Amino acid sequence: MLEFEIVEEGQGKLIQPPDIEAFREWNRQKPKALVDKLMTEQEAISRFVHDGDYLATELYGTVRCPMSLTREIIRQGKKDLRIAGQGVLELDLLLAAGLVKQVEITYIGLEVYGVSSALRRAVESGQVEVVSDWSNGAIAWRFKAAAMGVPFIPVRSMLGSDTLKSSAAKVVKCPFTGQKVALLPALIVDVALIHVHRADRYGNAQIEGISGFAFELARAAKRLIISAEEIVPTEEIRRYPDRTIIPYFLVDAVVHAPFGSHPGEMCYCYARDEDIIREWAESSQTEEGAKAFLEKYVYSVRNHQEYLEKIGWERLEKLREKAEKRR
Amino acid sequence: MLEFEIVEEGQGKLIQPPDIEAFREWNRQKPKALVDKLMTEQEAISRFVHDGDYLATELYGTVRCPMSLTREIIRQGKKDLRIAGQGVLELDLLLAAGLVKQVEITYIGLEVYGVSSALRRAVESGQVEVVSDWSNGAIAWRFKAAAMGVPFIPVRSMLGSDTLKSSAAKVVKCPFTGQKVALLPALIVDVALIHVHRADRYGNAQIEGISGFAFELARAAKRLIISAEEIVPTEEIRRYPDRTIIPYFLVDAVVHAPFGSHPGEMCYCYARDEDIIREWAESSQTEEGAKAFLEKYVYSVRNHQEYLEKIGWERLEKLREKAEKRR
Amino acid sequence: MAARNYNLTELMICVASRLMPDSTTVFIGTGIPMLAAALAQKLHAPNLIPIFEFGGIGATLEELPLAVGEYNTFRKALAASGICDIMETATRGFIEYGFLGGAQIDPYGNLNSTVIGDYRRPKVRLPGSGGANDVGSLCWRTIIIMRHDRRRFVEKVDFITTPGYLWGPGAREAVGLPKGSGPYRVVTNLALLGFDEETKRMKLLATHPGITVQDVIENTGFELIIPDKVEQTEPPTEEELRVLREEIDPRGLYISKG
Amino acid sequence: MAARNYNLTELMICVASRLMPDSTTVFIGTGIPMLAAALAQKLHAPNLIPIFEFGGIGATLEELPLAVGEYNTFRKALAASGICDIMETATRGFIEYGFLGGAQIDPYGNLNSTVIGDYRRPKVRLPGSGGANDVGSLCWRTIIIMRHDRRRFVEKVDFITTPGYLWGPGAREAVGLPKGSGPYRVVTNLALLGFDEETKRMKLLATHPGITVQDVIENTGFELIIPDKVEQTEPPTEEELRVLREEIDPRGLYISKG
């Protein structure tokens, strides 16, 4: 029976250990009734995001990402956030706004525009603690473990690397084959934000194109805020139930947010706003620049509607024209 | 480190132990080129199903099930099959035809029409060996482990039961939480049959409605035969890539099989043929009855086309009319 | 208004149906649970969320499914996914009630649907667990629907296909099953039964019309807890029977089995 | 026909592109691999199957993606799924080539994209693994694209974000990584490099036009294996450059970085 030994343990920490039984109890008390959850972003963020929360956002900051909700978090100044990190704009803005305390990181950067200056400043100054490092696959699989309702998941990534040493994974020998596999602990977050193409008022949500890790994250969060390009009648959901990736009982709040991913894109809806993405990449290189950007695009508007007006409808219309349609 | 101990081991056997490295090598040599795989059911079965194969079919025998391929296996008399078993009509026909040697079972029965007489005769006489018992979830999760490319998967089913004792699962203490979980070994089959709504000639396949365990099984098979109600141009697949559940590189053969699930149903296409399902339930109660049914509907026709002609187009048209459409 | 003319299948369906509160998730298997859920949706629980193992979530049960993957299990549903998603939804604690049948049951609600006799040389090979073990392991409350006789209600089942309370209090937790889950009710053709909070043994709650406590005891192969006060099941109402016969099973596929 | 007027980014793209055979699966990250894959699809490998980590399989790369989840990663694709499916497809051995970058590389192809300096008190905090560790662990053959200098090509990386051959022959298998996988080529602005079969150490294969073996040695911070015969890289052809400049990156987002 000794074949199932623990071979190695990462030295990274977990922000929260996986408590599967508590998660079951939590999920049991979530309402199963079809209640109207449509609300403003102000209400959704103030009710369901708290200081100190462990937070995750889905997909990358420039693609189907809950940017309008992220900006509202910054406006409301929710602080001491802990984040599970793969992110571009959204996590970068939170870091620059000084709202993040700890991070389980896989990647925070600006993709084509290079490393994140906000991350560098935050980590190199010690303002933000990186409690552990993971791969993208590992973070997604950790959400998947939580979504499966089990405390860990075996994978073949991370093995042999310092990424594993800086994570909280454990390497064991498989009791069936003797081969070494990495066990990753389930990742249950306090609150998740996911932006979708359409949802009904109850929270049944559907996505077009790639699904990233929406399926897994939606099932790994204690509280879930959905923002949607379009709010549709439940009849439309019932007509295409095979398109529902997130059933209503996972959802706490539904926010109507057209262009909710701006300056990122939304496939089949609108294209990236490259100028503003580049503006962030450039201005965030200094602390002052980052602050000025936040002032201009976040603090100086009261809500997403005002943000869109500031960006300008003509400009937004052009982004819509640039996207390929299929309906 | 002793917290990750093995607490209990099922006494059931595995038909094949999970060899993940061999599976990787196998998958590496599968062609990644877009080659035309459209062929007759005769060719598909004779090339890709061999005597002694470990076989699995997807969904239940009365719902989106590869019945035309199953009948072809019986016509070709592929024998000594080992099967991973959740099944209604399809596995029942294979059992009645005397082609099955071993089974890892979860459920073989006739649902509303009760227990399977064919299973009873085969098992109680010792003709077929039940090597292990599992739950439906467990079999699906075992395919999922194979689909994830890992040798096992942790779950919270099966614990404390004789089902676990008669399986090959192992119970361990989680190294992160100390709680007991069941580890299920990955299930890689030699060949899988899946019936879908549409596929292109390369094997890119799409399903409407529930997906059962098509996603998992397609990824857990060394060889995969797809039968499809409709063969569509690849352009249509490329227009809705988010509907593709099975990408082409998993697939070895594509068979055009309208009414391929008959007498079962195909959602949005055609309804169940209740009379024939009941005819099987009744005639299979005796060995002679089962043989007569097989003669009538399987051996006496040369292929699926002749089968459909035997059933009659008028009758099939009525089944089509009974199904709700959405396109 | 109470009806007089009904058979025991109809009675069991009505009793099971009343155990399904509105706006609750229920894991539904083939047969009586399907009729009970359809009846509940049409009468007292319009927003009952039926969940079927192959992927259907929140279907509108206008026509009766004949199989657990059939179109009617996801007709006008809120989501149509797959078996892993459904079983994992149960693992995460989202499914309140699970409905099960079986060939044998013991005082702790352990269920057998695998073999009668020895496992290796079975007298009768039954279909096997199917989703039953998952439902009984993972849903919060299991409701069992069975014919009531001494061959079925036995001191010790030949094979524990699906765990009830195993050997008693604390046993489920000890083997790793979810805390606070387990059998909740047993609906038979004679009675409605539950489980004692402390001992986890089966307890009579109510006898059906025309059935005495003694009838129940005589048809049970183990010692039942009989509380001081045993309720009487309300018979099916005219409305329940009408909906059942005219709307849910007009062809009498199930309810004619009496 | 060989061109004369090109910059080193263009050269690296062309060299990387030629390493992508037709009808093969390639795992593509941000930047040069995207341009190389698009170039390959338009020239010698029309049926190259690009795979992107957030779900795109077999996209038609007519326009260049600017992000790994962007519309162009699944435009006219064969499938659009999610990150777990993609990473598991790699785990099952379906992805032949994986393209990676990094801030540091060592003789065994181990890559660092996490920190410069001490992990706990980093001099520079880099973005972190992202998908790199998964790609380098799970694809059969990893191809690395990097600038070539002594700060980047080091004896020992500050942090192994992504495993190469670790400490040498047999090391990947010893830690549990898939048998027979590992780094395959390194494309730099100076040379094309590979790995010695026996020692698993980096080996010079070809120098780029105008670059000497000595140039490569001087810009490498560890001992390179220099075989008797070092090839010369074919310069970009006129056709490669035309397609790259006119069709793939007409706005010069990448190739202007020269």
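As written, the chains take the letters A, B, C and D, and residue 1 is the first residue of each chain.
Operating definition for what follows: a residue touches a chain if its C-beta (ideal position, glycine included) is under 8 Å from a C-beta of that chain, and two chains touch if they have at least 3 such contacts.
Note that this is a predicted model, so its numbers are computed, not measured.
Using the average of C-alpha coordinates as each chain's centre, C ends up farthest from chain D. As a whole-number value, the distance joining the C-alpha centres of chain B and chain D reads 40 Å. Distance from the chain C centre to the chain D centre is 58 Å, each centre being the mean of its Cα atoms.
The distance from the centre of chain A to the centre of chain D, each centre being the mean of the chain's C-alpha atoms, comes to 28 Å. Across the assembly, chain B contributes residues 21, 148-150, 155-156, 179, 181, 209-211, 239, 241-242 that each touch 2 or more other chains. Of all residues in chain C, those that touch two or more other chains are 56, 74, 80-81, 84, 91, 178. Arrangement of the chains shown, judged by which pairs touch: an irregular graph that fits none of the line, ring, star or complete shapes.
Counting only pairs that meet the touch rule, the chains in contact are A-B, A-C, A-D, B-C, B-D.
Interface of chain D with chain A (complex): residues 30-31, 52-56, 66-71, 73-75, 80-84, 87, 91, 114, 119, 122-134, 137-138, 159-163, 166, 171-172, 175-178, 253-254. Residues 59-60, 62-64, 85-86, 88, 105-109, 111-112, 115-116, 119-120, 123-124, 130, 133-138, 140-141, 144, 155-163, 166, 171, 179-182, 209-216, 265, 267-268, 271-272, 274, 323-324 of chain B are the ones touching chain C in the complex. Listing the residues of chain C that touch chain A in their complex gives 22-25, 47, 49, 56-58, 60, 74, 76-81, 84, 88-94, 96, 140, 178-180.
Residues of chain A that touch chain C in their complex: 21, 23-28, 30-34, 147-150, 202, 204, 219, 234, 237-239, 241-242, 244, 247-249. For chain A in complex with chain B, the residues that touch the partner chain are 1, 4-6, 17-21, 148-156, 170, 172, 174-177, 179, 181, 183, 185, 207-211, 239-242, 326.
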